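Given below, in the form of structure tokens, are the structures.
The following pair of complexes shares a single chain, chain A, combined with chain B in the former and chain C in the latter.
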Partner chain A sequence: MKKLYFVMAALIVASLVLAACGGGAASGGDAIKVGEVTDLGGIDDKSFNANGWAGAQKAAEELGVEAKYLESTQQSDYAKNIQQFLDEDTNLIVTVGFLLGVDTATAAKANPETHFAIVDYAYPDCFDPAEEGKSCGSTTELPNVLGLTFQIDQAGFLAGYAAAGSTQTGKVATFGGINIPPVNAFMIGYEKGVMYYNEENGTAVEVLGWNTEANDGSFTGNFDSLDDGRSFAESFVQEGADIIMPVAGPVGLGSAAYCQESGACKIIGVDVDWTVSSPEYTDVILTSVLKNINVAVYDAIKAEVDGTFAGGIYVGTLANGGVGLSDVAGASDELKAGLDAVKQGIIDGTIATK
Partner chain B sequence: MKISNREISSETEKRQRISFGVTLLVVGLLIYLIFGLNTQANALATFGLNLSGSQALKVPDLVVPSLAGVYAMAILAVFAGAYQLARGVRATGWLIGIIAFTFVVAFLLWAVQDKSFSLTGMLSSTVVRATPIVLAALCGVISERSAVINIGIEGIMLMAAQTAVITATVSGNLYVGLFFAIVMGGLVAALHAYLVIRFKVDQTVSSVAINIFGAGATAFISSRFMQRAGDMLNNSGTFPIISIPVLSKIPVLGPVLFENNLIVYLTIVLVIAMHILLYYTPWGLRTRAVGEHPKAADTLGINVYLMRYVNVILGGMIAGLGGAYFTIGSVGRFDEAMTAGKGFIGLAAMIFGNWNPIGAYTSSLIFGFADSLQVKLQILRIPIPSEFLLMAPYIVTMIILTGVVGRAVPPAADGQPYEK
Partner chain C sequence: MKNTDTPEKKETKKITFPQEWLVPVLAVVTGLIVGAIVILVSGENPFVAYGALFEGSFGNPLDYVEGFKSFFTTGDTQLLLRAIYPFTESLVTATPYIFAGLSVALGFRCGLFNIGAEGQFFVGALTSAYIGYSLTGLPTIIHLPLAILGGALGGAIWGMIPGYLKARFGAHEVVNTIMMNWIAFRLSDWLLNGPMKSSGFRPVTPNVEVTAELPRFFPEPLRFNLGFFLALLFAYLVYWFLFKTTLGFEIRSVGANPDAAKYAGMNIIRNFVLVMFLAGGLAGLAGSAQVLGVDHWVGQGFSAGYGFDAIAIALLGKSHPAGVVLSALLFGFLRSGATDMQSIARIPIDIISIIQGVVIVFIAAPDIIRWLYRIRVKKAEDTVLTRGWGK
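Presenting the complex of A and B:
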């Protein structure tokens, strides 16, 4: 009897190890150590966690750093995973995602010698000191944290323009995982882009699933359930949409599967180029909104290696290539020209994307 | 003073009559206040009845004047309430049905005013969305009917989902995937059964271990092998939609019930089969006896351990089918944690369904309905925050089922190991 409990305990520990056991190129003794803490989607979300890891892997290959990752399976894992990297004397901890904002700040303040880079977040984020450490991370800028932010609404705007220019039914759709700023940013730009296309071309393309005025839209409530992605896509198609931009990590792959099966819709990928990350869906991918987290993470690691790491904020834009739109499948020359003009307008600042 | 049983029962009946009557009146009033006052006078609500790409005969869309419809629902509720107060109807199921029906219809008429949405699409998605939940619930029902708690359904489904997609992709045959998913489910459940029956390990601890192990092992296999091999391991395709001849031509009902994939049909068959097995066969009687009073069953010569082994393993195989739904029945690929808690919702459905298959299916359908309604409402942009809409499936399921089922009664020996 007692032994059995022991076996159970061993089993649980073994599986925890399996779950947490990251890949990672271990190299020599005193190499710079880089640790990535993922958000809930997991390292293989083919989206922002994977993309951040791609940057770290590239750094491991080219700069000889020792890169590891820890996956968070629930929100209470964030602080634990950060602590584990701290215990291992990691030089640079990359936390991927908005939801890690508070835990990262808490850890950064307690460990001023360790450098942090956080994706989709920047400090100060507190405007009520009483809440510091609870609902927000810090009232001041943190000298050892680099916030990697992206003006993704710029790329979302291009995607909306491309969607409006490609739709057959006059309705385009989008949905998100959770209603948080880095997710909404895609959708805000998308809606704006569609509206801009309508103004330019006298069309009346409608956006389903997001309304900037109400600051609300369609959300699955998670970043895991591909079945939800399928069901949302099906619903959008029933309501007449034929282009869908899922901003929910792997959930969007469920939508892509539905589009491929039904042939009734096209998908706009997010974060990475989906024709590369999920080539099996190439035939239903219209284009992808690129958020080049890998480049930003790589640059942060490079700065760490060169000894030039500084806290502050990095902003990825269309102008510096931090964000972008991949090639639009089947775009007419007219649409291509329009996209180029819009891109130039955004870079010049003549077109507002928010 | 002596009070006869008869008087007591008439007393409770009277109380119930009044409380139902008052509830109906309040619902009528609420419908008027919440929806009636906020609906525009000339607005029309359009409910789409046709699905593109379906076999069903085309019918015109249902167009209803919103305000008149809302008033009709309010009046219906008030009349039913008044009738109930005056006369009293014993059929509580009907009364709850009227409360739910009038409220939901009024809500829809209000939400859809001046807009349109696909009613058939929502109903069809209800049946599909309920499928994995009811399979999880059936696994729970069959295990717990023989007094073995299994909350490891989530883990079993995850492992089966992964097994299904890998075997189906490698063999190029979806049926092979389905077979191995079911075998996988059975194997994991057999391990659970062995631990809790042979060694009397705490049933909750053992099944929690299965959940944690399932999440860890699948994540490991996924990131170590499936990510690298890509298409070679993780691109199985899905079971095609099978249209049942003639029946699928019926408008609305056809696309909802008779144009689904294999796993959805299997689920419906399983629900009916399980109901018959549990309540109309000697095997079912023995199972229930083992769950209610194992000692008595043992005295009568029933092999308690054998019954428990068989039931738990059968349950695992059903959960395995549920796991297969997520990959080869829905999206044709595996990703970490993709069951997203459906196994646990299935357990809730089992409890709300009072540990019987039909009840479990009903509660799964209510959940599926609220879930697909919620998706539609988000698209319609009604002035309710999406966070609240996302809660709707859980809240609705709880309210309706606690009302209908009242107190759920688990099998008497549930969770207790049996010692001779």
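Presenting the complex of A and C:
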């Protein structure tokens, strides 16, 4: 018994000593330091955070930067985690998602020497009577922040075209988490893509769940209920749709599960390639609309390393590989050729996706 | 009053007896050791990890020295503020834990299992936020207490509903508090996307007015605020209520043995409703302190599961307010220190959850600890935490 206490006491003392030493040794090396602050999804969300981290890891391997991440488990962690990286003299801080919009801007203004990149957000973001530093981040563009945005309607357009070219029932569907621009941009492009297919091929494929003219559609109201994903898919199938694009994060996995069980529908994944992130549903995944956050983050880090980093807005497009569509399962050669032509048209600017 | 005196004294004496605390303390130590083994197995150095954890929760001793040096020589507070930042952050994290832990502990004392602290937390936070941003032009002296009170009342009503359902219809509070959680989550989804949404597309509430913010003691980025002292004050109030008032004695009697309490002429139904009302109010205050003191706005994922961790805190603290404060501080230090551990030692934050989980297993099964450390049981008596079904 006494021995045990002694060992424990020794352990505690040792850890204290190490703690005291740890501080000095932590700051060493001349490598560029990159830190990613995740949102509440965590680093293994198979989506935004994981994808951004993939870009940072690639940069660590190829460019020799020192990459770290900090997971946020609640909203008050955002500012705290950014502060942690600031204290460690991080060169480039990557923040993921619009919920970090205000905290990122506040930190960027207080630390003009540090560079920031924020995924899916951009400044200025104060438009209404919103108060700067409170409800929104900045009234002006920030010279040390790069907003990583994506023209996802371009990829959504391709998805709509692919859906229209693959449907058996003549009806395709989509639904979102909540009706906000980052979500409905997918759906706007999707509807446009279907319309374009109809024009080109003289078909009359219908879109359920979104109407750009009314700027409204079907929304679950949350990003976490797999049950909602299941019931939305079920009702779309009852209305005659056989392809569904859920733009609501993991909610879509509920839809995929329903499609797999019923065999009545196919799913279009969003953000990442779902055959990779959720391989168990590969047989029901038609294709995925890719928001290549990893490419954007990697490019931002590369600019930091090259010394060419500049604030402003990065726009991921089909042309620069920031957005894209993964391979369409079971696509005919005709559809493939059509998709290639459409993609080229969008890149050339001859086809409007909004 | 007189007849309640004797059992009261006995109770407090028993609680403050050191033996009572041996199992919780050893459970924490064992939890840390198991955590160290997990870290070791995952190929990292537990000393580095816990070193970073310590530094992240208390600060680096060298920084303190530097900070004080520069403060006394040049009067510059910059370095000193930086040195105390980790410590103050830990207290900030502990604040909602204290409130929520008190909420669950109060329920336990009456034999009620309040799993609904998380939902009550949300309702309290949303109510406080609403009062905080919708009323303008009020002086702090009116606005702040109003916002706090509103949060407490919101949580209290949310907690009272399951209490009433139990008292009136015998519906088990575990089921109903869980259900009330879901209602609160979905209600907040709707509110944040609809009526309470700020301008712009983000599903968050507007910021509360400055007059409704809990005052902070240091400049940015230090977020240490009055909420922590409010939490301590409420811990004392709960202690006083439970152990120094007749009503508190009744509540504890109902918790210890409802049949005996009923036989003694105590109103069980009233006590159930009252306790759930107060417990809900405490959890609501947790949300209130978080929104008015730290965040100033509410968004989705506002809570890091404070209401659920609170169950563990109440268990670890043996449902005694002082114990709750200590275990809430422990959880606060662990959670807050984990930021450094993540960054410096690159240990995932999940290890903290593992440590917490292990601690709770040992608390729930104290025999394991007694066996591990060869502690002889003096009296085969334990606090009754909850009653089974159908009571």
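Descriptive notes on the structure:
Methods note: the second predicted complex is superposed on the first by the 313 of 354 C-alpha atoms of A that agree within 3 Å, B and C clash if a C-alpha of one lies under 4 Å from a C-alpha of the other, contacts with A are read in each partner's own complex, and residues count from 1 in each chain.
Basically, a residue touches a chain if its C-beta (ideal position, glycine included) is under 8 Å from a C-beta of that chain, and two chains touch if they have at least 3 such contacts.
Treat the numbers as computed from the prediction; the structure is a model and nothing was measured.
Legend: residue contacts after superposition of the two complexes on their common chain; A:Gly312 is shown touching neither chain B nor chain C.
Of the two partner chains placed around the shared chain by superposition, chain C is the only one that A:Ser135 touches, whereas chain B remains out of contact. In the superposition on chain A, A:Arg230 makes contact with chain B only, not with chain C.
By the touch criterion stated above, A:Gly330 is placed in contact with neither chain B nor chain C. Contacts of A:Asn211 after superposition: chain B is touched, whereas chain C is not reached. In the overlay built on the shared chain, the residue A:Leu99 is in contact with chain C alone; chain B does not reach it. With both structures placed on the common chain, the touch criterion links A:Asn222 to chain B and to chain C. In the superposition on chain A, contact is made by A:Glu71 with both chain B and chain C. After overlaying the two complexes on the shared chain, residue contacts for A:Lys80 are found with chain C alone; chain B is out of touch. Residue overlap on chain A between its contacts with chain B in one complex and with chain C in the other: 1, 4, 8, 14-16, 18-19, 21, 23, 40, 43, 71, 73, 221-222.
Every residue of chain A that touches chain B in the complex is listed here, in rising order: 1, 4-5, 8, 11-12, 14-19, 21, 23, 40-45, 71, 73, 173, 175, 179, 208-209, 211, 214, 216-219, 221-222, 224-232, 234-239, 250, 253-254, 257-258, 261-262, 264, 279-280.
Residues of chain C that touch chain A in their complex: 29, 47-48, 50-52, 54-55, 60-63, 82, 85, 89, 92, 186, 189-190, 193, 198-204, 206-207, 220-221, 223, 290, 294-297, 299-305, 335-336, 339-340, 342-344, 346, 348-349, 373-374.
Against chain C, in their complex, chain A makes its touches with residues 1, 4, 8, 14-16, 18-24, 26, 35, 40, 43, 68-71, 73-77, 79-81, 83-85, 87-88, 98-99, 101, 110, 125, 127-131, 134-136, 178, 180-182, 221-223.
Against chain A, the residues of chain B that register as touching in their complex are 48, 51-53, 117-118, 121-122, 125, 128-129, 132, 195, 199-201, 205-206, 209, 212-213, 215-217, 219-220, 222-224, 226-227, 230-231, 235, 238, 326, 330-333, 335-340, 342, 372, 375-376, 378-379, 381, 383, 385-387, 390.
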